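Multiple structures are listed underneath, in structure tokens.
Below are two complexes that have chain A in common, paired first with chain B and then with chain C.
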Partner chain A sequence: MADSKTVEIRIKRQLTPDGPSRRETFRVPLRPGLNIIGALMMIAENPVTAEGRQTVPVSYDANCLEEVCGSCAMVINGKVHMACSALIERLDQPIRLEPMSRFPVVRDLQVDRSRLFRDLQRVKAWIPIDGTYDLGPGPRMSQREQEAAYHFARCISCGSCLEVCPQYNDQTQFVGAAVLGQVRLFNSHPTGQMNAPERLEALLGPGGIHECGYAQNCVEICPKDIPLTQAISEVGGQVMRHVLLGFLRK
Partner chain B sequence: MANPRVIVVGGGLAGLMATIRVAEMGVPVDVFSIVPVKRSHSVCAQGGINAAKNLKGEGDSTWKHFDDTIFGGDFLANQPPVKDMAEAAPGIIDMLDRMGVMFNRTSEGLLDFRLFGGTLYHRTAFAGATTGQQLLYALDEQVRRFEAEGKVRKFEHWEFLSAVLDSSHACRGICAMDLHSMEVHAFPADAVIIATGGIGAIFGKSTNSVTCTGSAQGALYQQGAYYANGEFVQVHPTAIPGEDKLRLMSESARGEGGRVWVPRDGKKWYFLEEWYPKYGNLVPRDIATRAIHKVVYEMGLGVEGHPAVYLDLTEIDPKVLDLKLGGILEIYEKFVGVDPRQQPMKVFPGMHYTMGGLWVDYRHMTNLPGLLAAGECEYQYHGANRLGANALLSCIFAGRVSGATAVEYLRNVSNGADAVPSSVFDQEKLRQQELNEKVLEGKGGENPYTIWREMGQWMTEHVTVIRYNEKLKKCDEKMVELLERSRRINLSDQSRWSNQTLAFTRELSNMLQLARVITQGALARNESRGAHYKPEYPDRDDQNWLKTTKAFFAPDVDEPRFVYEPVDTSLIPLRERKY
Partner chain C sequence: MKLNEARLAFMSSSAESTASPDRSFFWRRLHSVSGVFPVGAFLLEHLYTNSYAINGVEAYNEKVRGLTELPMVLILEIAFIYIPIAYHALYGVWVWWRGDGNVTHYPWTGNWMYSLQRWTGLVTMAYIAFHVWEQRFAGVHIIENYFVAFSKVQHSIARPAVHAFYVVGLLSACFHFAYGLWLFACKWGFAPGRAAQKKLLWACAALFLVLSSAGLMSLRSISTAPLQPRPEELLKMRSQKSVARSQGPEAAGKRSAF
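Our next item is the complex of A and B:
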């Protein structure tokens, strides 16, 4: 390409879940506004390494390209980030890309985050409505409550908070900050409140909230600035009251 | 039948609503989606969802919503289903509200509504500027609940390849590919609902997500499903041009008071407000887009020598902006690096939405019995131009109707999928496996991504805002050439694990076939209506063209053929569309 400015990108590759990993280096032309996904698209069109060796395109997950679907989290220069909003111009070069480390690798930069969705099931992260037929309007809510809850409703399930959590790995069953944020959301909703005890119950067993080490990395890294530590302390308080109440009732 | 089962393909708003409806009626559902359903394209929707709740004392009504929609669509939509949708809308908002959607509120704690394009009423409910995300999550949560109860099974990272059709062309299931193991499987079902969304990738860069390729629709069209009104493609007036995609700047920015201008003679020229005093910055999208084209390309105005105009929010209180538009301001800041509260945004029109799609009847059945379609992948509600905030509504409404129809259908069909000989499934599976092998073994030096880029450039240049017959013909010839070349692709990756190039190459040929449907449909329609504009035929021609385009695939010539169907205009008399 005529464009003389290029960037170097080193990618950790692994072609199968159990296969060996290796690194490959690519050079892509630098264009204004280019992000990591744009660079990976260029590599897919011309999968040749910086040394001129033919290779295969790099697999990755992406969909919205505007940081709202949560697909494209990966470790960029040692730190987890959404690849679509990681603008090349703002990154130190050479750029290093790796898959997230807390989830099983599928291939290259793709990882399997299904555990996160299973955990949402575990804590019953939904409002138990009677049905979709016409039952009139929902509960009233103040602007203040709506604003507070909306923060938590914006969680894109990217898994960044889990990647930086010292307690989240394949040895533990810890649900992690993202899921605790959802518990906060549903437990404060006027209808969701009604089955708050079931959600809190789910957080008492293995992987529950007591496994949080309060490292606070989650709130630092969240791409949506969700007040995760606030959620953790609120839900922690709820769990404690729940246990205490249960104890008193005995 | 022994164990009735419905398959839903697609986990956006339409697919998830259909899933909920079917599960609620007691029939188990298998949902297939390329991405985990929570990551579907519907998350991108920003501005809101329409319903004439009339909570602002303006005298709004469902009839006015119906009328705005028909008028906005330049009278091409069949009127009865649109009326049903407008009437169902307030109830749909209530349902979403009960599911826990964090809609913005008024000081009294009621739902807040904002202004949107093509109407004079505050009719759009919204959750900040991430309404689609909030709605999708609400449905995703309800589906997760059914999943926990064992009523729904999810197949995520699976791609639909084709319908399994029996000898009478009834749909008996699907063939799908596991995008990790790349294995093809056939799945029986008593009814199949397609909810695979938009087709942005056919135009290369658009406001759509990566998976919006239209590949499923293209495959079904080649299997005998009608594709309707393909030539009606919405170009949104305000997108942020980008290297990898065109990021939308929602109409809600103008709904909340944003103004469009270009510098002229050293002054700000608010051309939309001058040309359309009644609707101002909120004229429907096709009209705003053509106005921007005119200002930039005919009058030679723009921003700093670039084809762009300003979208200006700087006159609005930043606190109000954060509360009502936070999500989209964040997108502009993150991707452009400029604060839109301080400086006007630079925007330009970008391909956004397809009004056309799989042909369905009023109950959402396609012409292939047992195969239904819902959402952006079908053509039902928006005529020749969609009004803002009507898409989310139509997806949810269509999901609900199609779910109910599917259950009704399987209860009445004489024999279920379990009575179909297994050879029917095996044959289709074999056909799909062979297609994969052919792609994997292909030789000839062509590159799928290069072909895709060329397709996108041609389609954007010739089949979007302004259309000339001469160029449409050339574009169709180009698509034939690209189809030809797409048969000579050799894959850089021949592996059989998570091979994204293989999946993409399969999608590409379906996209090219649909590109021809769109281009030829546009070529045939010698009039201007809604988003379809031909300077050579500048007026709407109801005498000859008040009809629905239905394309079908002629396998012997590998080309589309067209038939036309009258439009049901029984409720609102035709009138000139003038804003």
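Our next item is the complex of A and C:
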């Protein structure tokens, strides 16, 4: 057991995307306010396991260190969390670190989130404003809608909502809550609205909104407190209206 | 390497989807709405009809008679009961199969409900299969012999294991319907707001309590009523009576009156 001055961290390691995984235990000195990223940096400084065996530094993604970039999500003590905002003092020890399970591992704690970005492309999660000529200012957005939309603009694409989703797997190809939140955001924007039918059409395809099981884990885990279940419900209504009215107007 | 493979797979799958449009949205939403109508509607009707057991054997059998006398009863049964339930059940198994329940890792209320909705669906399916086989297809047929209805249920639940299965099946069905109604309202966008969803959840909880207590009361009325003769005995008594009637002088007199 680690004494009061050090903390024990067990990390699931995998050197190559298709290689075998193993666990390594490290012991790092405990400093006040230490977070997981800080501990990983200390391990990188001195990559020696608790048993005294020399190893290579642990690979992980991180950037902003203030829960804004969304790159350092990992499974900490069995639960997905941003490593930067996970303070060691608040965690049960020994601490167990694993990569997110719903994405392919690149190396150690680093995962390949291409599926999320591909799905954002699938639903056209952007507003096309570029043209060969000046398109002029877009329509104004009401204060109320700005305030409602702001929540969804805070998404950092960390993938936590996808990690906890029981429906997000290879079989369903479900796009997941983060993507549905972005559809909610761009469909309510006065300029983005113009492409709403295309986004809704994409959600009728494989892995579309119908794959949601409404377990509501997404809204529980979201580090940015985005009302994701509300987004899913609203977009669900939009898709239904699009389908039914489209059918009647054909 | 893996990334390129994934990209290629995605490109080929999107090419396929333009060739033959994906209908999963339609089938999944059909599963959702079929749970409300006709399957849910039938559950309400079924619990209502069964509650006549509270008023006694005669009241119950008369209510069953009313149903057996519906015009085109077989077509109604097939179109509004068998096909929708079979579709809802089989597609539901597919939905359950494709999900990765993770309530042990993330034990939040919504996640518990997600898992419960799947487990109650499976239990209800097993229960309905048993219930329909035993009450509709096995033994004395109710459609031709409405008067054995009460006795048939009573003798079935006289076995403690079957009685327990009825209670479990009933509670599963009521839970699955009540929570399913909430899911329907949320997923179809009828109640997107958090406060509205919360209120609706309470309403659905109340619906669960009302439906399951009505069902349990009906069940209790049947199990505590004086034991009826077995369906086969009732049938025999009935046929002896009608034979006696057709051979007796009254029957002869009635026939001559026509």
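FYI, the second predicted complex is superposed on the first by the 237 of 250 C-alpha atoms of A that agree within 3 Å, B and C clash if a C-alpha of one lies under 4 Å from a C-alpha of the other, contacts with A are read in each partner's own complex, and residues count from 1 in each chain.
One rule holds in what follows: contacts are C-beta pairs under 8 Å (C-beta built on N, C-alpha and C of every residue); 3 or more make two chains touch, one makes a residue touch a chain.
For clarity, every value in this text was computed on a predicted model and none was experimentally measured.
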item: Simultaneous placement of chain C and chain B on chain A, clash or fit; value: fit
item: Chain B versus chain C as contact partner of A:Pro104, first or second or both or neither; value: second
item: Which superposed partner A:Arg115 touches (first chain B, second chain C, both, neither); value: second
item: Geometry of the superposed three-chain model: angle at chain A (Cα centres of chain B and chain C, steps of 10 degrees); value: 160
item: Partner chain in contact with A:Glu147 - chain B first, chain C second, else both or neither; value: first
item: Which of chain B and chain C A:Gly236 touches, first, second, both or neither; value: second
item: Lowest inter-chain C-alpha distance for chain C and chain B in the superposed arrangement, angstrom; value: 9
item: Where chain A meets both chain C and chain B, residue numbers; value: 114
item: Chain A residues touching chain C - in the complex, by the definition given at the top; value: 17-18, 78-79, 104, 112, 114-115, 118, 164, 166-167, 169, 171-172, 203-206, 208-217, 219-221, 227, 229-230, 232-241, 243
item: Partner chain B, residues of chain A touching it in the complex; value: 15-16, 31-35, 37-38, 41, 44-45, 47, 54-57, 59, 61-71, 84-85, 87, 106-108, 110, 113-114, 117, 120-121, 124-129, 131-132, 134-138, 140-143, 146-147, 149-150, 153-154, 156-157, 185-186, 189, 191-192
item: Residue ranges of chain C touching chain A (in the complex, touch as defined); value: 1-3, 6-7, 10, 13, 17, 22, 24-25, 28-29, 95, 98-102, 105-106, 108-111, 113-114, 183, 186-194, 197
item: Touching residues (chain side chain B, partner chain A) in the complex; value: 20-21, 24, 35-36, 38-41, 43-44, 91, 94-95, 97-100, 102-111, 127-128, 130, 133-134, 137-138, 141-142, 144-145, 147-148, 156, 180, 209-211, 242-245, 247, 323, 327, 331, 334-337, 400, 447, 449-450, 453, 492-493, 495, 497-498, 500-501
